[in-house]
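Structures follow.
After this come two complexes, each holding chain A, first together with chain B and then together with chain C.
On to the complex of A and B.
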C-alpha cells in the first residue's frame, strides 16, 4: 500500500468508529482526539481494525505513533508497504 | 398504608413486536394484530420471532449504538419515551435522585456469541476478541447505558429474574421509592434475546420452540395445537413515583401498584409449579388488601409450552375459580419477550382502565381442556365496561414467580 492508500484505510476506520463525525476536513497534522470525539476505547478500535484487516500487531508502547493522521501513516507505511489494500 | 408508600405509574415507554408506543401497542392488541414474523438466526434453519422495529437513532447517536448493546438501545428508547410520556421537566430533575431498575432474563449472550463467531473467522485468535466485550456484557449494561444516555447519577442495576423479570424490575423500583432511595424510578424489563441463536437452539433442544406455517399463528397459549415458545425482543419501562410527588407536579397517573409478590418453586430447573404460583398470587392479593373477587383482569404468563400452560391454568382456577376475573394472554400476539414479557404484558393491558376492554388471547382455535379457564378471553376482545384492577403474572426458569397488581387510580 502507498501512503495515500494507508491514509484512506485509516480514514475508513475512523468513519466506522465515529459515524456521526464529518471527517472531510481532517487535519493530518493535528491529533485525532483534538478534532473528533475519540476516547481510549475508540482508539483501541483503530488498533483492532488494523489487526483484523492486515494482521498487523501494534505493541502498546508504540501507540504514541498513532496520534495524528500523518504520524499514523508514517508509522504504518514501512509495515504495510508489501500488503495490498484489503478487499 | 402511609401515603408515601403509594407508588404510581406516571409515564410509559415501550417497544413491542407490534407497537412502539402505548397507543400503537394497544390498538394492535385490540385489533388482533400479531408481531411474530419469520426470522433468520446464525447456524439454524429459519425460525419465528417477535421483532421490534423502533428507531434506535431517535435517542442515540450512531456512535452510541455502535458502542453499546441491543439491550441498551431497547432500554434507552423505552426510558426516553417514558420520560417524555410522563411530561417530566427532565432538565430540572435532580438526576442523583433517579434510579434505573431493569429486569432481564439474561444478558451478554448476544455479544459473546458475536465475539466467538468473529474469532472463528481468525482461526480463534483471541487477539481479535473485542475490548468492548466486557462493558457490553456486564450484567448492569442495559441499565447503565440508560444512565449514560440520560445523565442519571442515581443508582442503576438490572434484576436477573428469568422470565419473571419484568415484574421484578417494577417491584425493585417500587421498593427503592418506598425506601426513599430515589424520587423517580425508571423501572421495567428489557430483552434482546432474539439476537442470540442460543436461546432458539436451546428451546429447540428442549422441544419447546414454536413452529407454524403462519408466523402469526405460532404463539398459541392454552390451545391444543400449541408446540412451544416464540422468542421475542422488546422493552417495557415505566416512570414510577410516590403518589404525593406525582400529585404535586400534576402528573397523569396511569395506575397504582397496590400489590406485589415474588416467591420460588424450589422444585425444578424448568418445570413450573402451580402451587407456588397460586401462593404468589395470594400473597400479592393479601398485600394489596383485596380479594380475588376484586380483580377484573388477569394477564397470564402462559408461554404455549404444554406443561407451563397447564400449571398456570391450574393455579388460576384455584385462585380465581368462581370469580368474574377474566384471563387473557399478550404472548399470543408478540411471543415471549423474556425479560420484557411481564412489563409488556402489564402495559398491553393497562389501557383497559380507560377503554374498559380486555384484549383477546388469539390463536385459541381448540382450547386445551387441561387448561380450562371459564373466563378466558379467546380470539376476540371483550368489553368489560369497567376495569379497576389488573393482576399480572410473570414466571421463570429455576422456579421464580412474580405477581403485580395494578389498580386504576381514582381520587
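On to the complex of A and C.
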C-alpha cells in the first residue's frame, strides 16, 4: 500500500469507530484526540482494527506513533508496503 | 471445538461481550439456560400481547449523533448505529413525596430549577454536590467504596431532599439497602438525571434482537436451553463447562453473567461458606393493559417514583410487598411518532423474596392477584383510577425473576458486593453483568464490553 492508501484505510477505521464524527476536515498534523471525541477504548480499537484487517501487531509501547494521521501513516508505511489493500 | 471464550447468560452484558469478541474474530459461544434471550431485561408474549420485563426505561439517553457519553461509547464499541436502538426520549417524570414533588426530564435544568424552588436553602449545597459528582471518576475499576449518604449529608442538610434524590437512583439500581456506594450513586445520578430515559418503540426486544442478529452475523454461536451446571477447573484454570444435559464445552476463558455467588457455585458446589452472598433486593410488578392511553385519563408522566411515608425505606420489606413506595411507569408516555398498540401501566414495589419463593403454587397464584390489587390501590395517589379500563393483567414477583435470571432470591441488582474488576478466584473465569457493577441497561452492556476488552481480546 502507498501512503495515500494507508491514509484511506485509517480514515475508514476512524469512520467505523466513530461514525458520528465529520472526518472531511481532518488535519493530518493535529492529534486525533484534539479533533475527535476519542477515548482510550476507541484508541485501542484503531490498533485492533488494523490487526484484524492487516494482521499487523502493534506493541503497546509503540502506540505513541499513532497520535496524528501523519505519524500514523509514517509508522505504518514501511510495515504495510508489501501488503495489498484489503477488499 | 475449543472456544476462545464461553459466555454464560444471553442477557445485555453477555450479548455485548459476545459482539466485541466475535467482531475481533474470537470464537465465542453464549450459553443461555432459558428458552429466550434477555435474562433480567427480556420480553414475552402472553394471550396475544407483547410484554417487557426488567427496567422500565433505558437510562443514559442521548440524542442520536451525540459524540460523548455512555450510550455513544456503547454504540461505537458494538459498531452499531443509533437506528439499531431506535430510542425515543421520555416526556416527563417525577419524584413524589408527601407534600413535595420534583419533576425531571432529559433536560437537567428541569430538576435543577425544581430543587431551587422547592428547597431554596439547599440549592447551593446541591450545586456543590454536582461539582463533586462531575469530578468523580466512577468508572475507575480500582476504586474504594465510600458511603453516598455520607457524601450527600456533607452538602445537603434536608433529609427529605436527600431521600428524594436517592429514591429513583436506588429503585433503578441499588443492590444495597438504605445506602449506595458513592461511585454507584454517581453512575446512577448521571444516567438518570443528567442523561435521562428513553425507550425503543418496540420495547426492549428491539435492542436484544439487534444484538443477537449482530452477534450471529459476526460468526458468534448462541445456544438456548443450555444451562451451565458446572465450570470445570484444574489447578485454578477453567477448562470447560458442563451443561445441564451433560454436554461438555471446552473454552480457554469463561465469562459469566450469572452472578458472583451463582457462578462460584458452578465452580465448586461443595463450599458454600466461601461464596460471596447474593443480594435480596427484589420487586413485585403489576402490569395492566388498558383499553386507552394513560394520557387519555390524564396521566402524562413517563415514570413516577413515589414514597408516601415520612421516610423513604429502600430495603427488603417485612411484608410481602412494601406498599409505602413504588414506581409507576407508562411505556406509552415516550415521545413516539405514533401510539403504541395498547395502554400500559407498570407498577413496581419492593418485595420480600423469601415470602414469594416459599409459597405453594396454588397460594402463589392467589397472593399474586391479591397483592396486585393492593399495589394498584396505593398507586391511585399518583395516577388517575384506570381500573375500569383494564383489558388484561400480569404480575411478576421475585419468584418469576429467579426463574428467568437464575439469580438467588430473585434479586434484581445482584450482590451487595460488586466485583468491579471482573476477576474471580479462578484465573480465566471472569464476571460481567449486575455483579460486576455497571448498572442499568446501558451499564450492563458496558459491563460486558469492558470485561471483554480488558481480559478477552488479548
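By our rule, the second predicted complex is superposed on the first by the 87 of 87 C-alpha atoms of A that agree within 3 Å, B and C clash if a C-alpha of one lies under 4 Å from a C-alpha of the other, contacts with A are read in each partner's own complex, and residues count from 1 in each chain.
By definition in this document, a contact is a pair of C-beta atoms (placed from the backbone, for glycine too) under 8 Å apart; a residue touches a chain by one contact, two chains touch by 3 or more.
If you're wondering where the values come from, they're calculated on a predicted model, not measured in any experiment.
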With the two complexes overlaid on their shared chain, look at chain A and say whether chain B and chain C clash or fit. clash
Is A:61 touching the first partner chain B, the second partner chain C, both, or neither of them? neither
Looking at the overlay, does A:82 come into contact with chain B only (first), chain C only (second), both, or neither? neither
Which partner chains sit in contact with A:22 here, chain B, chain C, both or neither? Use first/second/both/neither. neither
I'd like to know which partner A:4 touches here: chain B for first, chain C for second, both or neither. neither
Need the overlap of the two footprints on chain A, from chain B and from chain C, as residue ranges. 16-20, 37, 41, 44-45, 48, 52
Enumerate the contact residues on chain C facing chain A in the complex. 24-25, 65-68, 72-73, 76-77, 79, 81, 453, 457
Under the stated contact criterion, what part of chain B meets chain A in this complex? 61-63, 66-67, 122, 127-128, 130-132, 135
Under the touch definition given earlier, write down the residues of chain A that touch chain C in their complex. 16-21, 36-37, 39, 41-42, 44-45, 48, 52
Contacting residues of chain A [partner chain B, same complex]: 16-20, 37, 41, 44-45, 48, 51-52, 57
